[in-house]
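Multiple structures are listed underneath, in structure tokens.
After this come two complexes, each holding subunit A, first together with subunit B and then together with subunit C.
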Partner chain A sequence: MQQSNAQPAYIEKTGNGTREDRVMKQVFLTPAVAVLLLLSIFPLFWSLGISFTDVQRGSAAATTTTDDGTVVEDSGFLGLGFHATLRNYARMPEDERLLTAARNTLFYVLAGVTIQYIIGFGLALVLHQPFRGRNIIRVIFLMPMMMTPVAVAYTGRMMFDTSIAPLAQLLRTISHTLGLERPLFIPWLTDGSVAPWTIVLIDSWQWIPFMTLILLAGMQAIPEDIYEAARVDGASSWQILRKITFPILLPISATVILIRGLEIFKIIDVIVVTTGGGPGSATESLTMYIFKTALTFGNYGYAAAISYILLILVIIFATIFLAAMRYLTPRTSG
Partner chain B sequence: MKHRKWWHSLLLYTVVIVWSFIVLFPFYWLLTTSLKKPLAVARGPRYIPFVDFNPTTEHWQYLFDEQGETTLRHFRNSVIAASGSTVFSVLIGSMAGYGLSRFRYRWKFPPWRNNDIAFWIISQRFLPPALFVVPFLMIYSALGLVDTHAGLIIAYTMFNVPFAVWIMRDFFDNLPTDLEDSARVDGATRWQAFVRIVLPLSAPGLVSVAIFSFVFSWNEFLYALMLTNFDAITLPVFIAGQNNTRGVQWWYISALTLTAVAPVVLIGLLLERFITSGLIAGAVKG
Partner chain C sequence: MRKVTVILLLVAMLVATGIVPATAQGDRPFEGQTVVVVTQTGRAIGGPVEDHAPEWEEMTGARVELQQFAFGELFEKIITDFETGAGDYDMLIFPADWAGDFMAPGYLAEVPQEILDEIDIDDVIPLYSQRITAWGDTIYALPYDGDAHMLYYRKDLINNEEYSAEFEAEYGYPLGEPETWSQYLDMAAWFNGREVETAGEMAPIYGVLEAQRRNAQSYWVFLSHAAGYGKIPGNPCFFFSCDDMTPQVNNPGWVRALEEYVQVGQYGPPEMINYDVADTRIHFPAGESVFNIDWGDVGPISYNPDASVVVGDVGFAPLPGGDEYWDYEAGEWVEGPNRAPFIAFGGWIIGVAANSDVRDAAFDFAAFMASPEMVQLLAVTPDTGINPSRFSQFENLDLWLDAGFDREGAEDYLDAILNTINHPNAVLDLRITGSAEYLQTLDVEISRAVAGEISAQEALDNVAEQWDAITDRLGRDSQLEQYRSAVGWSPE
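Up next is the complex of A and B:
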């Protein structure tokens, strides 16, 4: 692995640099900063403002609904000039659908990273030895990751179909062979308590390889002599795994779990295609609910407010993990 | 290498074969389904062409002949949005990566140094896109950017730049400065040294960044769904829209799905090492 810890060679180490360098320094960084300020920071604050208004869809001349229910035509541009209200936040605790979506999202994140990490780690462990066809395996591992999640979702839906899928046939055959009275039947995507798991499985099919590839790279970066020394001391494979491999990989593990977790927080495409959020709203995620609130119901203010709830959840999740990473990273690296 | 215990090999190859099957079977299923007549799909699983069903290419003909114009339009939209944002992301990302790697920044407000700035930039990559649904909808409709290629390119560039900066900074940190220094001594300006010396040397990093930007934009769903209505609809949105129109036509969707994933899976097959190295740079150093 190309893991040099080279310190960056700053140009103006010795002084302030030439005038040209002082100009170029800004030229290099400014476009990226400008893009982020304009397209990320500005919309964020904008959205925060919107979340305290009753803005509905309807471009320039938007309408506001006042508290007594009358509709006021407002000529506010982009939502400017709307009355401030706390209603969007006040109604949240009573919004069952919001609570379901939040619970679902947390379930996807926790179940997803757990399944993907455990299986990904196991696969990496097994693949961490030279064998014939290793390069082909790496390519095979990449294939699901490259697919658009929409395609993954359709494929998953086909795989988990209860009549035409091979899996369903397998279950039928098993029940038949065992002579079961009631044939095994799993309502993969139509039952509110099964469907969330199926969605996690579909997401895992795509992303377990990601975990494996990164963890495998981490394992290969561990110097062989550490293992040698442990074996000389008579350590068993299990002890080596528990006392050496796993602890050394903890920082990388925290990173991949963080990355995957943050990605799963965004989940929408798989759900839209497989269940459409149903049955009822049993599989709806926060992102999907925000999207529907904004586009289907046209309630911009409320959608913006929910998106800030999502942001808070994401920040809590990330903070916990960054703290864990700092705690787990060996301090020798300075 | 020491001799492996026999059950180690057995375990290894079992896992390799089982996992390869899990990954590859859905692709096989997509391919065969796209060749089945509707009846062969509806009458339970059929596995092997010519054995338990008669393959037909009618769905592919429908996709590229009858529906050819529609298919092509969405395909073209995806290509334009993805390559446009790739160009900008690579350019902006490599510039900022170079700046953060070679110059020392001391911002007054906020009081950040290089590492803080880099962390702020990468943190933008992980903001949930749902946060931008409302502001983008409002700003885009005010600026007339809804359902345009430019609109998609702008949105995707915003998402790709952070990762591009992160990877390129890491790449430049590991790139010796000797060559650009001697170019400078020979009278090249900083910009000339960057364009003529540094960028060509950074080809592997640039390829990684380009692949990631392209694949991300190609696969993106939420923004495309929200910011396009008709003209600029990309493949993922088009595919997702096949859901309810005339019942689920698995044969047609299979062909369409394969068409949509073929370019990126091909990129994956051909440029595997750039992707793996980029992933590792992104995750291990992150």
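Up next is the complex of A and C:
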């Protein structure tokens, strides 16, 4: 085939550049892709495979007896020492602890995201206003986010102690001031119905600044002339918030809610430090249950199966949320 | 010759400038090596390593790197390291209960005889020198700590004649060191909320302080209650039947114990459901309750004026027993007191990883920490987590008097420990492959019962079901064989 121009074949031009360009792209991309495949994709499929096996620490080797009475050790599926099975997935509907952990996790996500978004939005509105010392206050507001979750959890545990914490003292002072016969008492971490809320509060204390930071950045990006036009048209502050600020921030809101939602699905550190999953199983999350199942009980197959259920929950959450956001976000014409 | 002189001069210069250590290899035999030690977080157990490693480093030239994890995660961290062969840890200070998971698969190196000689193993009480450090006939760990649960009580209140008369009028017997759990509960209920004098001030007091936190060390406290109701005198098989490994955890004796462990919550602070022993060890010496159940640690703490407002006011006793017990072989309750002290935990022991690349240094440091002088010092020092385990510690009363105990208190404390570990009906802790898994399962379910999610019977039925599943998975025959051996049972 005759070339349309005089250039050599190796620098033949296409829509993606020369052939040399394409080769170089592949050369540079291959290590990254290989690392990605090795560190992310391979473990993903490997763990999926494990979820369909009975692999577990310390399993006694199964044996079978042949017709001539010889006892033969069962080497399992493809000689790997374990068997392919659906038992991990079959066990789930009857695993009460798993269902409780899933319910707790969904609660953390819904309550956590809601509280963090509402307060974060409110704080962003406040910090968006001009006032003296605004910059320093913005920095102070961001500090909890910079702490490690374990430190936050220990702080929370101290704050919510019912006898020696400042909050307990505050409640006693209020009770005394009001002349109550029995002092006000909230079992922050020791009652199964209150403890999950306390976990949400501790997590929120750390992550509200994240919401605030992103939403504040979004607010600062809204052109001032839009607000001026609204004020000229006689819009009240509430109308400006409802009709301008909130709708314009919806795409950013969707992003932060999604990020936080996905993060809260994996919550474990705060729970381990504050309640250890208790009282009873009131605060145990799916991640904590997976951790215990895999590393304490050595039931890697079941832990992998639960991990995939968590993944499915996360995907369902993200899909529904994004669909709702697409429906709610005002479309620009064109 | 000239060349040699030049070399000698160069070496002398290097030594003088510190590039080559002045001491010979023999003086600092582990120069440049790093021993990574893993244990639980906090001052107890890990603290002594932190405090005394510099002395050993100075002597040997090696460096100690201490890695600490919360008790609830310690097993996972170590077993993950072993299973993956990561080799991150050289020396482990771990609960004797985990021997089946660490020693049986060969993750720990056998302790050389010269190391055992170095720590004067013959001075260690056999319970701690043999039963908890060996797997089969092989010794894989060094004894470090002697553990058994005991009862602490405010003797200034329990021995108060005025209170005793009032109590007797209500319950029909005088106050005194409780011998049964029923008496313990009666006294706890009577004192709970009562204004008593503590450190010169009148304030309400709680009846008890018992650890009840999940994912911590609380389940041993429940087991202490269960021993009195579930241990059959003359039959060492407490957790399982030695006939066929049937779990006994849900028999009526254990259920009664759990019901009482739940009831105890009424007589303690509201936060008690979230207290581990690390918490109760702060609150009891602060004079907040009449009773406390714990390992031997509270003794020295109660005599530490920096931590205790009840110095000299604490009495020590073996655990109370049941006023009846469930005979699972006969399937009936047997009336009468049944004291069955629980050798909870057995003790922290020190092992060296078989795959350690600094094995000699690790053993040397292990021997340094487990030496008679060191454990004597640690046992009388508050907050170290180390309790007496050697004959010499029980024979040398001056050791305790020098540490701040009064004579009566020291004798009382040591008697309580000896009466516990030497009791013919004492219960040994679970020490078979999968112990951590069996006990974690128990932990979750008793926590649910304490929180009121399910009844005591439901909780323990769940445990029994899961214990059976664990036993079947690990191999019923081998588990039975291990359990029989661990408790010293043999078919008649």
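Here is the rule we go by: the second predicted complex is superposed on the first by the 269 of 334 C-alpha atoms of A that agree within 3 Å, B and C clash if a C-alpha of one lies under 4 Å from a C-alpha of the other, contacts with A are read in each partner's own complex, and residues count from 1 in each chain.
By our rule, contacts are C-beta pairs under 8 Å (C-beta built on N, C-alpha and C of every residue); 3 or more make two chains touch, one makes a residue touch a chain.
Small disclaimer: the values here were computed from a predicted structure and weren't measured.
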{"item": "A:S163 touches, of subunit B and subunit C: first, second, both or neither?", "value": "both"}
{"item": "Touching partner for A:V272 - first (subunit B), second (subunit C), both, neither", "value": "both"}
{"item": "Touching partner for A:F28 - first (subunit B), second (subunit C), both, neither", "value": "first"}
{"item": "First, second, both or neither for A:W238, with subunit B first and subunit C second", "value": "neither"}
{"item": "Touched partner set for A:G280, first subunit B, second subunit C, both or neither", "value": "second"}
{"item": "Partner contacting more residues of subunit A (subunit B vs subunit C)", "value": "B"}
{"item": "Touched partner set for A:T255, first subunit B, second subunit C, both or neither", "value": "first"}
{"item": "Partner chain(s) touched by A:L295 [first = subunit B, second = subunit C, both, neither]", "value": "both"}
{"item": "Subunit B versus subunit C as contact partner of A:T190, first or second or both or neither", "value": "second"}
{"item": "Common interface positions of subunit A, toward subunit B and toward subunit C", "value": "59-60, 163, 272-273, 276, 291, 295"}
{"item": "Interfacial residue positions of subunit A with respect to subunit C in the complex", "value": "56-60, 97, 161-163, 185, 187, 189-190, 192, 272-273, 275-282, 291-292, 295-298"}
{"item": "Complex contacts: residues of subunit C adjacent to subunit A", "value": "70, 72-73, 75-76, 79-80, 83, 101, 213-216, 269-274, 433-434, 436-437, 440-441, 444, 447-454, 473-475, 478"}
{"item": "Interfacial residue positions of subunit A with respect to subunit B in the complex", "value": "1-4, 6-12, 17, 20-21, 24-25, 27-29, 31-33, 35-36, 39-40, 42-44, 46-47, 50, 55, 59-60, 77-79, 123, 126-127, 129-131, 133, 135, 137-151, 154-159, 163-166, 168-169, 205, 209-210, 213-214, 217-218, 221, 252, 255-256, 259, 262, 265-266, 268-269, 272-273, 276, 286-287, 290-291, 294-295, 300, 303-304, 307-308, 310-311, 314, 318"}
{"item": "Complex contacts: residues of subunit B adjacent to subunit A", "value": "1, 4, 8-9, 11-13, 15-16, 19-20, 22-24, 26-27, 29-30, 33, 41-42, 44-45, 47, 91-93, 95-96, 98-105, 114, 117, 121, 124, 126-139, 141-142, 154-155, 157-158, 161-162, 165, 172-174, 176-177, 189-191, 194, 215, 218-222, 225-226, 235-237, 239-240, 243, 248, 250, 253-254, 257, 260-261, 264-265, 267-269, 272, 275-277, 279-280, 283-284, 286"}
